[in-house]
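Below, chain A partners chain B and then partners chain C, in two separate complexes.
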Partner chain A sequence: MSVGKQEALQQSLVALRTAIPEVRGVLIASTDGLPMAQNLSGSEDPNRVAAMAATALGLGKRIADTLNAGTLAETSVSGSNGQIFLYAAGGKGVLVVVAPANANVGLIHLEARDAARGIAAIL
Partner chain B sequence: MSQPLKIVISGPVGAGKTTLIQSLSEIPVVNTDELATENIGKATTTVALDFGMLTLDGIPIHLFGTPGQDRFDFMWEILCEGALGLLVLVAGDRPQDFPHARRILEFITSRIAVPFLVGVTRQDLSRVWEPEDVAEYFDLNADSVIGLNATSTTSSLLATVRLLELVQAYDPLYAEGLQGKYTFGA
Partner chain C sequence: MLNQDRKSWEVTDESVASELIGLMGINDQEAKSLGALSDQAKQAAAAMVNDFYSRLNAHENTAEYLQGASSERLRGMVTAWWNDIFSGKYDSSYAKKRIEIGHVHVRIGLPVRYPLAMLDIILQHGDVVAANGGDLAKSAFKKIIALDVAIFNQAYENHQLKHLSELIGSERLARRLLSGAEGL
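Let's turn to the complex of A and B:
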């Protein structure tokens, strides 16, 4: 990946975190599970998060396909302590947004869908 | 109807896991191939799982294929839950992948007690490792390793039958299950 691309991805993550301060971490992975850019606040291993994001998105695509839901836009995981949203960023990328359990989901979707479109354009 | 038998197909990237399931499955295979961004010698790679089904002697067999890269090792564990047999494939023309195949085999069998068969693929090539030599390399009995060509349905079926024989030998309960008298994990 070129330096310019890498920087553009990193900037889009910084912009996303600035727009939604409550978000705990963001990451961009390739659809085959390698981290491309990240801004995680915890001790999460970006390699692992990227691989899991690709797995979840890949499986989501097949579920959408099998149940005639069309092209997958996003999938999510909700737990008692947090929620994770995974957005398809075009055909090549996955945008991961980690948020606390009580986060404003509407705001996250609004900002992250926009960011995913921007990331798709960069990729 | 008898309970389906769950078989997991694992092994390094490019061993032929997806191909084998496509050769065996009687239904359209559910696969999760994505474009590979690394140079792995092929355009796409499995990121979640492959799923296919076949029927042998009236027994439905569910085939679950894993991704090959270590970064997806969580899927090896998830997919092996409740598995009755494990087939670890390795490309017979890529001895550099043998240590990785060995690690995958150990990773899975150290977490779940499951009978396994090592399949040495690409036996249609002229310069390829023989299953006997791979058995020696892996320090396994010769009957735990089989040569096959994953693009051939017949060859893939023979490997599956061999694995089911090992499953039977592993635990007599499984043998009964294979005759439809015992139901698994219902």
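Let's turn to the complex of A and C:
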């Protein structure tokens, strides 16, 4: 990946975190599970998060296909301590947004869906 | 981290035979030395198959896979496998038959340790036949058994890799998951 693309991806993540301060972390992975850019708050391993995100998105696509739900746009995981949103960024990437359990989901979707479209254009 | 494709990943299905034959250096003379023992191998097949199924039936965990199956058909398949070892022809067609056997084993949920362990019977009987062809045949026989072990294992790996790749949409990601990379 070129330096220009890398910087553009990193900037999109900074912009996303600025727009939603309560978000704990964001990451962009390739669909084959490699991290391309990340801004995570904790001690999470970006390689591990990227591989898991790509796996979840890939499986989600398969479920959507099987159940005739069309092209997968996003999927999420909700736990007692947090929520993880995964957005398809075109056919090459996945945007991961990690948020606290009580986060404003509407705002997250509004900003992250727009960011995912921008990331898809970069990729 | 498996973040880079390998040339070996491009070798799939029956093309693994030509790659491995090149790797192991199985030459025409060695192949002919085994082919020359074809008739002797056919004569030894019945005894080998008897030992093969005696052992499988004597072990509860393997006997389970034989219940309800046609004994005649199974014996025929093992006989064909045995005869192929002494056919003298080790090409893509040979590999394809082994891969198909491997895929059948995967589909019925047979752990790979059983077909590999059963090669012990093939080795016992095969060594006797190969000895009639001298050192060249004995050496060639060992190579062909090693080829079978490799193809069987590859068939299992390919089946699992293909299934996981289809499920998650990426072969490279599937390889990383199967490798346990990043503790996944």
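Please note the rule applied: the second predicted complex is superposed on the first by the 123 of 123 C-alpha atoms of A that agree within 3 Å, B and C clash if a C-alpha of one lies under 4 Å from a C-alpha of the other, contacts with A are read in each partner's own complex, and residues count from 1 in each chain.
In the analysis below, contacts are C-beta pairs under 8 Å (C-beta built on N, C-alpha and C of every residue); 3 or more make two chains touch, one makes a residue touch a chain.
Only a predicted model underlies this, so the values are computations on that prediction, with no experimental measurement involved.
Aligning the two structures on chain A places chain B and chain C in a clash. In the overlay built on the shared chain, the residue A:Ser12 is in contact with neither chain B nor chain C.
After overlaying the two complexes on the shared chain, residue contacts for A:Lys92 are found with chain B alone; chain C is out of touch.
Looking at the shared chain after the overlay, A:Thr31 reaches both chain B and chain C.
Of the two partner chains placed around the shared chain by superposition, chain B and chain C are both touched by A:Ala51.
Put chain B and chain C next to each other and count what each touches on chain A; the higher total goes to B. Of the two partner chains placed around the shared chain by superposition, neither chain B nor chain C is touched by A:Gln83.
Of the two partner chains, chain B and chain C are each touched by A:Leu59.
31-34, 47-48, 51-52, 54-55, 57-59, 61-62 are the residues of chain A that lie in the contact sets of both chain B and chain C, per the superposition on chain A. Those residues of chain A that touch chain C in the complex are listed here as 31-34, 45, 47-48, 51-52, 54-55, 57-59, 61-62. For chain A in complex with chain B, the touching residues are 30-34, 47-48, 50-52, 54-59, 61-62, 66, 91-92. Residues 1, 3, 166-170, 172-173, 176-177, 181-184 of chain C are the ones touching chain A in the complex. Taken in their complex, chain B has these residues touching chain A: 30-32, 34-38, 45, 47-49, 67, 69, 71-72, 74-75.
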